[in-house]
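Shared chain: chain A. Partners: chain B in the first complex, chain C in the second.
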Partner chain A sequence: MSQLSVQSVVKRFGDLVVLDKFDLDVAKGEFIALLGPSGCGKSTLLRIIAGLERPNGGDLHIAGRSVTGLAPEHRNIALMFQSYALLPHMTVIENVRFPLRMRGGGDRETQRAKALEALALVKLDHLADRFPRQLSGGQQQRVALARSIVAEPDLLLLDEPLSNLDARLREDMQVELKRLHESLGLTTIFVTHDQSEALGLADRVILMNRGRIEQAGSPEDIYSRPRTVFAADFLGGANIIELDVQGSGETWHGTFADGTQVPLAHASDLTAGKRKFMLRKEAVVFSPDETMATVEGSIETQNYLGGQTRSLIKVGDIEIIALTDSDRTETGRHATRIGWRPEELIPLQDA
Partner chain B sequence: MIGATPRWVLGATAFFLVAVGLFMLVPLLVVIASSLSSSEFLVFPPPGLSLRWYGEILGSDAYLNAGWTSLKLALGTVVLALALGTPAAIALTRFRFAGRAAIASVFLSPLILPSLIFAIGLLIVFSRYAAGPSFLGLVIGHTVITMPYVIRTVSANLADIDPNLDEAARVMGARWWQRYLLVILPQCRTGMAAGAFFAFNISFDDAVIALFMRAPGVETLPMRIYSTLEFSPDPSVAAVSTVMIAMTMLLVVLLNRVFGLSRIA
Partner chain C sequence: MSTGTMRLSREPALLLSPGLLFLLLAFFFPAIQLLAQSFLTVGAEAGRFTLEHYAKVVVDDFYAGVALRTFRLALIITALCLLIGFPLAVVMSRAGPTLRTILIVLIILPLMTSVVIRTFGWLVILGPGGVLSWTLQQLGLIERSMSLMHTETGVVLAMVQVLLPFLVLTTLGSIGQIPASLEEASRTMGAGFFGSIYHVTLPLSVPGLASGSLLVFALSISSFITPSLVGGVRLQVMAGSIYQQMTGSFDWGFGAALSVILLVITLMLIVPYMVITSRVGGRT
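Moving on, here comes the complex of A and B:
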């Protein structure tokens, strides 16, 4: 039995179709990322799951119960807002106690004890009697997180949970979220436009585009085997290269516009003709060995990034970006040979 | 930014600042000084100092009754203005409905409309449809002219709060009445306090509506001061005014203690 089941949900704002017969099943305890560019419908989907938005069609089940027409206050869920939405006139502990108070479990002291427990989980029990305005942004977010988990909701929803934090805090919070999920096992769905957050946190990434699922799968799967140009581009910004494909059986090769030929893997996905391929920037190496596909090119510009260096390499008319370890990078503008393992060229569907 | 503002502009600004400050403060000082006069007559500067006029007003039934009437009137006005103005402000800021802008301007019109015109209208209505002017009529009149202040201050308050609070409370399981009681109303506290302060001061200070709605046996403090000035001007008027000034300042200090003035003004 799935914890959340979204069945052909449709949402329109006027003529604009935001969700187009959307289906999604989430198992108990899963950690799901809804990933996509702004306007892809991910936030609307989250609001529909929370009950803050009414779908124009379709059905919604949470923990086996149909909730399609149910008001948010009657769904046993938690939603952490991007703005945290802490109640400014209540202390930290009263904020965390609020869901327990509303759902009416136990007396005041039991509720306070539970709230304090939730605060301890995010290591803020020592600030229980402060007011939200006396806390830093990162601390406020942890209060919001404690408030979201305190009532053991059927679903934990997070709206862009890391976007208001600076880079350092964001890393800490990623660790925190993962740790909390592993210890509490709450079914969690979060919305993000940042691919590294989605890949770093989720068990399953739902990549959305124009109100539909573009591709769904484990982070490794979706990153290394994107099916479409959109997926390849949105996840990590890969090189998209068009080749002329020829071959049969197990031996295939692709031809660049300037005539250079490279061997291709993934034989079962290939047909003869023009085809777009993805090549991850970090799959490109300098001084390739003989098992690799190689091309002649010239280094145009380079950006030193510390541990890695990004190089723009011209191969005929096309540009290939390589992201290589700095100690394995040739520097300076000059002609060179680059290469990659044949299976790194991933054939994509057009569209 | 060095030399961004010419010196003569800075000089002129300082001059006007001092001038405006003087025009606001000097009348208050004149009143306070006159109240300490030993003379029988309201003259400035006072020929000698004494506290006799404070004793005089505290021993005068006319002043004490008028003060009590004014206090009841002002408190009644505050209660009604808050009870009507706060929900109006909540509705006007939180909901989008047909005629919203029109209703907002009607509610705020007493700020622009001369109170004289309003007072005449009120008198006509009460003479025609009620048993003429009365204390209740005064409370109603003052509520109308002070409610816009409550609406303004509470609206300003509500505009500042996180719009997600209400939805967050819903998701946490709060029913509609719990959201009003536990989330929205507590957010209006500072605006309600500021609005109550304005309402109290305006009601306590009003002479125009009180004059038109003069009812037998109902005399407010400003009316008492007015008729004393008209018939037998003596420093008791200045003493009452000084008490009123002190009261206002006390209220400001109190509000500042509890809410912080910067969050109210």
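Moving on, here comes the complex of A and C:
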């Protein structure tokens, strides 16, 4: 039995279709990322699941119970807002106790003990009697997190949980979220526009585009085998190269606009004709060996990023971006030879 | 922040001076004169220090009654404005822009009407054989024609109508500053519609409710046109008595004493109220 089942949910704002017959099933204990650019419908979907937004059509089931027409307070969910939405007139402990108070479990002392326990999980029990405004942004986020888990919800929903934190706190929080998920086993759905968050946290990434699922799968799967230009581009950015594909059986090759030919792998996915391919920036190497597909190009510009260097290489009319270890990078503008393993050219399904 | 803070250097002082001068001449000067007058004798041996004006207020049951009525009415009016105004402000804050504008206009409308016209309106409704009396009679709730004119109920009704916008608008301002996510968050945490209003909106509206109810209280305690027109001579309030002493009996010393008493009691109520509410509101 799935913990959340979204069945052909439709949401329109006026003429704008935000969610177009959206389906999603989430198993108990899963950690799901709804990933997509702004306006793809991910936040709306989260709000519909929480009950803050009414869908125009479709059905919702949480823990086997239909909740389609239920008000948020009658769904046993927790939503952590992007702005944290801590109640400013209550202390930290009262904020965390609030869901227990509203859902009416146990007396005041039991509730406070549970709230303290939740605060201890995020290591903030020593600040229980402060007011939210006396805390730093990172601490406020932890309070919001404690408040979300305290009532043991059927579903934990997180709206852009890391977007308001600076880079270092963001890493800490990623670790924290993963740890909490592993120890509590709460079915968790979080919304993000940041691919590294999605890949780093989730068991399953749902990549959304224009109110539909563009691609769904494990982080490894969705990163290494994107099916569309959109997916390839959104996850990490990649070189999109159009090649003229020829061949048969197990031997295929692609031809660049300037006539350069490269061998292709993934034979079973190939047909003759023009086709777009994805080449990850980090798959490109300088001084390729003979097992690799190679092309002649010239280095146009380079950005030194520390451990890695980003190089813009012109191959004929097209530009290929390479992200290589700095100690294995040729520097300076000059003609060069770059390459990649044939299976790194991933055929995409776009027309 | 150095450019943003307003120190009282020459330029701001210059900008403030017209207002300050006006306040000095039109408010502080007469107020001090009034204060002096309340302690000075009149008549043959005019100008000597005396407490006789104050003694008269204390000794005469009539004026103690007037003072009591004044504060009782002001408290009831303020309480009613809070009771009606807060839910109204909540609805207005959630309404769409068109509905909100309509509601704001509706609520300010009484303020834009002349006090005479408004009071005659109430006469038509509350008076003997008026709309209210007729309706209640037709419904069989009362047997004989009734009138709320010259009653405290009538005064309260008429005053609440005029003072409600002060409370609603200040409260609306406060509610407008509450992020929508707070109420939504409370809903997802299990608070119902009313629970969310009680636990989130109400406590966070305290600053607006406080300043609004202060305004209402101050205005109703010092008002005398509506009370004297709707309440009549029998139901005197302090402002009306002062007016009568000053312009009817020409007993300026006594009128001044009444004024000072009104001011002192008002301050005694308002100052602690401000301290308490700012403490509650300051947490937000």
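Quick note on the criterion: the second predicted complex is superposed on the first by the 350 of 351 C-alpha atoms of A that agree within 3 Å, B and C clash if a C-alpha of one lies under 4 Å from a C-alpha of the other, contacts with A are read in each partner's own complex, and residues count from 1 in each chain.
Here is the rule we use: a contact is a pair of C-beta atoms (placed from the backbone, for glycine too) under 8 Å apart; a residue touches a chain by one contact, two chains touch by 3 or more.
The structure displayed is predicted, hence computed values, not measured ones.
Q: Label the relationship between chain B and chain C on chain A in the superposed model as either fit or clash.
A: clash
Q: When the two structures are overlaid on chain A, which partner does A:L52 contact: first (chain B), second (chain C), both, or neither?
A: Both partners, chain B and chain C.
Q: By the touch definition at the top of the document, which applies to A:H334: first (chain B), second (chain C), both, or neither?
A: Once the two structures are laid over each other on A, A:H334 reaches no partner at all.
Q: Output check: A:F98 vs chain B and chain C. Expected answer is one of first, second, both, neither. What do you get?
A: both
Q: A:F131 contacts which: chain B (first), chain C (second), both, neither?
A: second
Q: Please indicate which partner A:R168 is in contact with in the superposed arrangement: first for chain B, second for chain C, both, or neither.
A: neither
Q: Would you please give the residues of chain A that touch chain B in one complex and also touch chain C in the other complex?
A: 50-52, 71-73, 75, 77-79, 81, 83, 85, 87-89, 98-99, 102-103, 147, 151
Q: Could you pull out which chain A residues touch chain B in their complex?
A: 50-52, 71-75, 77-79, 81, 83, 85, 87-89, 98-99, 102-103, 147, 151
Q: Residues of chain A touching chain C in their complex?
A: Spelled out, the residues of chain A in touch with chain C are 50-52, 71-73, 75, 77-79, 81, 83, 85, 87-89, 98-99, 102-103, 131, 147, 151.
Q: For chain B, which residues count as touching chain A in their complex?
A: 161-162, 164-165, 167-175, 178, 182-183, 186-187, 189
Q: Hey, which residues of chain C end up touching chain A in the complex?
A: It is residues 179, 181-182, 184-193, 195, 199-200, 203-204, 283-284 of chain C that touch chain A.
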